[in-house]
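What follows is chain A paired twice: with chain B in the first complex and chain C in the second.
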Partner chain A sequence: MRYWSLLFALAAIISVGIFAYAPISPEWWLPAGPNVSAGHLHSVSSAGKQIDSLFVIILLITGIVFIGTQVALVYATYFFVDKGPNGRKASYFHGSQRLEVIWTIIPAAILVFIALYQMGTWASVKFRSAAPKVQPLAQVTARQFQWVIRYPGEDGKLETKDDLFMVNDLHFVKGKQALIYLKSSDVLHSFFLPALRIKQDAVPGLTIPVWFDTDQAGHYELVCAELCGWGHYKMRGNVTVHETQEEFDQWLQSALKEQSRDQVAAVVTGSQGR
Partner chain B sequence: MTSRLRFVLIAGSISFLLTGCGDAFNAGTISYKDSEQFTKKQKDTPDLDGKPQLQEAVRKALADLFGPRPQEIKVPAGSGFPEGGRYLANYEKVGDGVQDIVYTEANSGKKVAVVGGYGLYRKYCLHCHGVQGAGDGPTAEFLYPLPRDYRRGVFKFTSTAPSNPKPTRADLKKTITHGLHGTSMPAFEALMSGSEIEQVIDYVIFLSMRGEVERNLISIAALVDKDDINGITADDIKESLDTVVNNWKATETLVVSPKARRTEPTRESVLRGRDIFLGKKFGTGQPVACTDCHGLHAKGDGSSFVERNIFDKVVFRRKSLDTAIEERYKELGDEHKSAQWQPGGHGGGHDSASSELPETFDAYKNRETTNWDKGSKDDWGNPLRAANLNLGVYKGGRRPIDLYWRIAKGINGAKMPAHGNLLPDDQIWDVVNFILALPYEPDLLKDAEQIKKSVTAAPAVTQR
Partner chain C sequence: MSNEHAANGHGHADPHAHGADHGHGHDDHIHPAPTNPLFKYVFSTDHKVIGIQFLFSGLIFFVVGGLLAMAIRWQLAWPWKPMPFMARFMPSWAENGYLMPPEWYNKLFTMHGSVMIFFVIIPLLTGAFGNFLIPLMIGARDMAFPKLNMFSYWFMPPAMIAMANAFMVPGGAPESGWTSYPTLSNSFTSTPGSYEAQTWWLISLLFAGVSSLMGSINYITTIIMLRAPGMKLFRMPMTVWALFITAILQAFALPVLTSALVMQLLDRVAGTNFFSPAGWVVANGPAVVGGGLPLLWQHLFWFYSHPAVYIMILPGMGMVSDIIATFSRKPLFGYKPMVFAIAGIAGLGFIVWGHHMFQSGMNPALGATFMLSTMMIALPSAIKVFNWLGTMWGGRLQFTSSMLNAISFVAMFIIGGLSGIFMAATPVDMHIHDTYFIVAHIHYVLFGGSTFAIFAAIIFWFPKMFGRMMNEPLGKLHFLLTFIFFNGTFFLMHIIGMHGHPRRIADPTVYEYLRGTGTMGLNQFMTLSAFGLGLSQLIFAFNFLYSIFAGPKAPANPWHANSLEWVATDSPPPYFNFEKIPTVYHAPYEYSVPGMENDYVPQTQPLPEPTAHTVVEKA
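Moving on to the complex of A and B:
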């Protein structure tokens, strides 16, 4: 019956194969930026780069441990099963202090290493003191089931008369730190930009600063990552990253112009797509 | 070999789980529900209670015009929709049969399969707006305000006039794209492409037409004797349909365009707007009664509406109106009593006679019940309140043109009347400027009582 061990080996080999294949395929790896041809292995945001490196380290550690334990398991089941009447009889013994100390200390050391190693990343992504000292991009208020986004108008200050109100439409500029204030007007939501590896819960009663950047212009996705009610699946937003500040300003101007519209559109377009 | 059998079972169920059920939201059949006018006695509208033959005739007419089931769409001739229900469902009529349609994108020339308004509606809209667009989907009961019932053909926020006009496609598009802030209607811009939103608009208009034709046919049938063999005639059906279709077709020409550009939002304009809001008459304008509903401080607590506290008890805590009024009266009495114990409160606490409210319970109940019945319902019979204008939440949109439309032509089906004939355009713009400034300057209405007194005491005031 030693061939059973080959079945186990097969499962392990498939797992390792997937593990090895994942980085090659953009579909299987972590979410990439809008321009996939520019390479998908490196995240497009500076927080993402740090977070991904942690991810890769953990993946390597668990990968090595996985391969090691699988080799040992398959080896033991293949060679020591079915030794027949001539083989040495298996013996039972209770406890081995040396073995137990080793298998406690090694994982503990790995855990302590990971815990210490990630602290810098956590601090730079989440600590309020690490928030960039820039003008806020917007105030984002989550509500069932949409993102209400309020940009400071030309005066750069929020909560003033020239604020721009948008729904589900987040704009910022490539290569610049964007700082938003995240709020919720009803229940828990979670502001999630998968490609930028930014995820932050929106908590009723709290105003939470969130900051992010990217080195790739284009369209991204904003989703809600906290089950917030029956319409959770609808809670998505469009994120547009502009190539230059001028492009962003242009967009802001046109949006403000639309918001202050006092006339019926010159021509109501009859484009019904038929 | 039982283990082999088990293996087959497990492997089978795993592969089922993996393949899943794509498009599951379109699986299964759904069917139109009759309107409550068919079989139930109605208070204010015609009904077909006890007229089974006529009920059947109306059902048949509807099925002939619009198809018997949501999955089997027919488009009445001349309705403006392409034949065969194209864009309503994902097929079109070719010869005698139907076939799936493919849409060629105008700018890219790419061919895209069309889901169809029906499929999109079923995925995104049905759970609130219901199968026949009656605003009675399974999630509707958790919402306030309730989802729109399309079947009256009345939509609140339109750019068109006069009374209860149809919305333009642009109006519907705006509602779907940006949602209605302050309600549960979300923005769909990030979920659907432009052409998909157009398909949903088509389907909403289709459902609205169907619902309104249903109402019209019931009104006609209600006048017919229940044993009349002729029942409703082909002419009746054609007439019911034509009125509805023509109204939808005419709507694009009914858009109200302001005659004057917006006044610059200067201090003077804002203050003028405030005085108009509080009832002052300027020039050729007539005094308007904004505060009756919106309240002196624009908190949506005017005297024409039931008290906020009672409204909340009925709408959000699901109490009966009588219980809510009783409880509120008791609360008011308690507040009144404790106020007398405060330092500086007038009247001795020991004197039970003076601790009574100035108004008797019957008078209070009478007034609040009337307010509830008369003032606090929209045309659909749903509870309604005037907007609190201090919050900066504008359901129909925050662009000056949106607020202009709300003031000049009112909100269809709700209590907000049209003011276009009472105020000249420049004064409407003053009010718009005031409303846009109020959330940032709550002090504008700090002395509302005195201002109201002084502006309405002016000799020029005539009644509205």
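Moving on to the complex of A and C:
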């Protein structure tokens, strides 16, 4: 009968094993940047780095609690099993006030510590007062099932005639804080950059500032993380991080040229332009 | 009429005569059992029959919800591969070559969640066990309001019909998730499922909510008014305590959900704009005046639905406490702290709803305060775990199949509780919000927790419900396979969630970072485990149905437990529960009292003098 405890032991050991293996496997751990092959198994944004370390701290604390409680459970189910009528009788006690106080105060202290320890990072990634004082990169409007991204044109101002419109194509520059204004034109969506650990719901009727950065140029993915209808699964955006500002400016110029050519073409052919 | 008053509030011998006053101001007024089968088995006012009705309808919907889950898993492991069996029952899929259309995936998880939460777990825990156990455990002849009790069951079939009907209306089943966030849900044009089915979903939940509300009022009144003589509040079994506090939670939280449902219903059918913003258009549909707030729904919905999460776990905690104490042959460790912990969870449960909205656009400063309250709610949960371990410590554990399910409740609830801490931490939540990490968490709490508790409780109280025993070897085999396949299905969801796999997406291979064999391989492994989990339930179904008709006859008290349903009546109990209303002398946890011949002391039997003294001291 006592061998049932081994089932619980096995489950606990495998659980710990899986989490011990996860950090050395790029597909199991927190998503990394484009240079994952080079062994960069950490986030590539400054907020992401903080979030990862908070994650690891919680993983360690909960891991210790998990191992402790599972050891106690396996021990109890192994050693205190009923050994038939000739076995030992169960002890008779109703509790212990001292133990109750101990196991109330210690977890309470740990939990308050965890909560307070998060506050700094939370404030720096979400509080509007912490938003970087930079020119906004773009206005991102989510709609079923695409990301309409509006960059300021040559005048550097949003909501003017020379704005550049792109669909599912977000560009910004390595090492610079990018600030976007997030909107939705129909239902709820969520702007999720897994490699950067950034997530913010897009809410119809609200304009929400979101900011992020990265220290690795390359290609990333933009995910919609809030159910938005039948095509939710395919609401994917491409993210390109340019090495330098010049590279970004070049891209912007060529994209603007492309757009005006399209508009001329639309006028010429009489079809409905933007 | 009543001329047979028993002295001192004790019961009397003849259950068919008019009864005595039991010191609680109620008349023990006994009618004969109905003989017409329509009133005996269908429109019954007997709490035992109503409990079993809830049990059967809950288990039937458990099969429905489970099959929906299998279909979800199929799509996630092998996206857009023709689904075995299911395709041929789907005439509407013909134009697509019998492949599942993408919106169907959204219908599957929406209905899976709605069915499992509103038709399986809540009705099983509060409807089935609440009804069946409360009067038996506190020594009452029936609920305080038997007719209201009957109505509370008969409000469920309209809910079920409305939910089933949602599959058949134009556009098909609802698609906005069990959370039904506007503006996806309140616009007709946003997605096929919101065309008509969403309205049926709202109507269905309104009925289910009224059913729960009637039940909870009945439980609260019954527990306050109808306890047997000597059954002080702090002598009630943990199951009753948990159901009592759950009923209070329901009574206070459900009106908010009901108003939210009515508001969304009005948005859909009467053109109000509670949740739609100004000048708002979806998918080229007609523009609306607007002026509402989508976030308002989330506040109202979670103000109910977070307490609902506790409604779905607290009764399980109570029942598991009783089962573990019984099969450890040892008093429950820390009875009063356990009660206070449940009350603490219930109280804090009302001020944590915002943790579902950390990334919703709600003021982040508010998120910070919700983080603190959410962290604190882990505390009473931790206290409960420690007390369960303390109960087993030094006991004489009997690994019956019921006990095994109860122990795995504790083991799995630890995982579900700890993973909750990740989500409570707002910055960490930023990454794992709406990923498979939360799917893993909710299933460790609602399957690893509630469902194992339901299995444990069904096996434990089966003899009392049906007068027969379930088969133990089959019960153990079912437990073993369920435990293995459950962990195989859900544990790895933590990993893919951590890797950023979003929930509610029909095809993960759209994203490059999820396309690799690491993630998709795990998805396929989880799907195979899920099929194993589904098939293992056939053993339970067979055991359950076979034992109802052919199980060995159960004695009155097969587990040598102490509480009234075992020690003061038969298996199954007669129509009015007790030949004689029992008198209670102590809490039901007096196991292995030193110097006693038996290792249990029924609640109806006074403790030997020295022990009674120390028990009072400790309490």
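By our rule, the second predicted complex is superposed on the first by the 251 of 274 C-alpha atoms of A that agree within 3 Å, B and C clash if a C-alpha of one lies under 4 Å from a C-alpha of the other, contacts with A are read in each partner's own complex, and residues count from 1 in each chain.
One rule holds in what follows: a contact is a pair of C-beta atoms (placed from the backbone, for glycine too) under 8 Å apart; a residue touches a chain by one contact, two chains touch by 3 or more.
Since the structure is predicted, the reported quantities are computational estimates derived from the model, not experimental observations.
Peer 1: Spot which of chain B and chain C makes contact with more residues of chain A, would you?
Peer 2: Per-residue touch count on chain A favours C.
Peer 1: If we overlay the two complexes on their shared chain A, which of chain B and chain C does A:L6 touch? Say first, second, both or neither.
Peer 2: Neither partner.
Peer 1: Is A:L60 in contact with chain B, with chain C, with both, or with neither (first, second, both, neither)?
Peer 2: neither
Peer 1: With the two complexes superposed on chain A, say which partner A:E100 touches: chain B (first), chain C (second), both, or neither.
Peer 2: second
Peer 1: First (chain B), second (chain C), both or neither: which does A:V71 touch?
Peer 2: The answer is neither, since A:V71 touches no partner chain.
Peer 1: Give one of first, second, both or neither to describe whether A:I24 is in contact with chain B, with chain C, with both, or with none.
Peer 2: neither
Peer 1: Given the touch rule stated above, what does A:V134 touch, chain B (first), chain C (second), both, or neither?
Peer 2: A:V134 contacts neither chain B nor chain C.
Peer 1: Tell me the contact category for A:V264 with respect to chain B and chain C: first, second, both or neither.
Peer 2: A:V264 contacts chain B only, not chain C.
Peer 1: Tell me which partner A:N168 touches in the superposition: chain B (first), chain C (second), both or neither.
Peer 2: first
Peer 1: Which partner chains sit in contact with A:L188 here, chain B, chain C, both or neither? Use first/second/both/neither.
Peer 2: A:L188 sits against chain C, while chain B stays out of touch.
Peer 1: By the touch definition above, which chain A residues appear in both interfaces, chain B in one complex and chain C in the other?
Peer 2: 144, 230-231, 234, 236
Peer 1: Which residues of chain C touch chain A in the complex?
Peer 2: 101-103, 105-106, 175-177, 181, 183-184, 187, 190-192, 276-278, 280-283, 290, 293-295, 328-337, 359-361, 364-365, 367-368, 371-372, 375-376, 378-379, 382-383, 385-387, 389-390, 392-399, 404, 407-408, 410-411, 414-415, 418-419, 421-422, 424-428, 430-431, 433-435, 480, 483, 487, 491-492, 494-495, 498-500, 502, 504-508, 510-513, 516-519, 589, 591-594, 599, 615, 618-619
Peer 1: Can you tell me which positions in chain B touch chain A when the two form their complex?
Peer 2: Answer in residue numbers: 82, 86-87, 103, 106, 124, 127, 139, 142, 159, 168-170, 178-179, 181, 184, 186-191, 194-195, 198-199, 201-202, 252, 255-258, 261-262, 398-401, 404, 429, 436-437, 440.
Peer 1: Quick check: in the complex, which residue numbers of chain A touch chain C?
Peer 2: Listed in rising order, the residues are 1, 4, 7-8, 11-12, 14-15, 18-19, 22, 25-31, 47-48, 50-51, 54-55, 58-59, 61-62, 65-66, 69-70, 72-73, 76-77, 80-83, 87-96, 99-100, 103-104, 107-108, 111-112, 114-116, 118-119, 121-123, 125-128, 144, 185-188, 190, 192, 194-195, 197-201, 203-206, 208, 221, 223-234, 236.
Peer 1: Chain B touches which residues of chain A in the complex?
Peer 2: Interface residues on the chain A side: 144-146, 148, 159-161, 165, 167-169, 222, 230-231, 234-238, 258-265, 268, 272-274.
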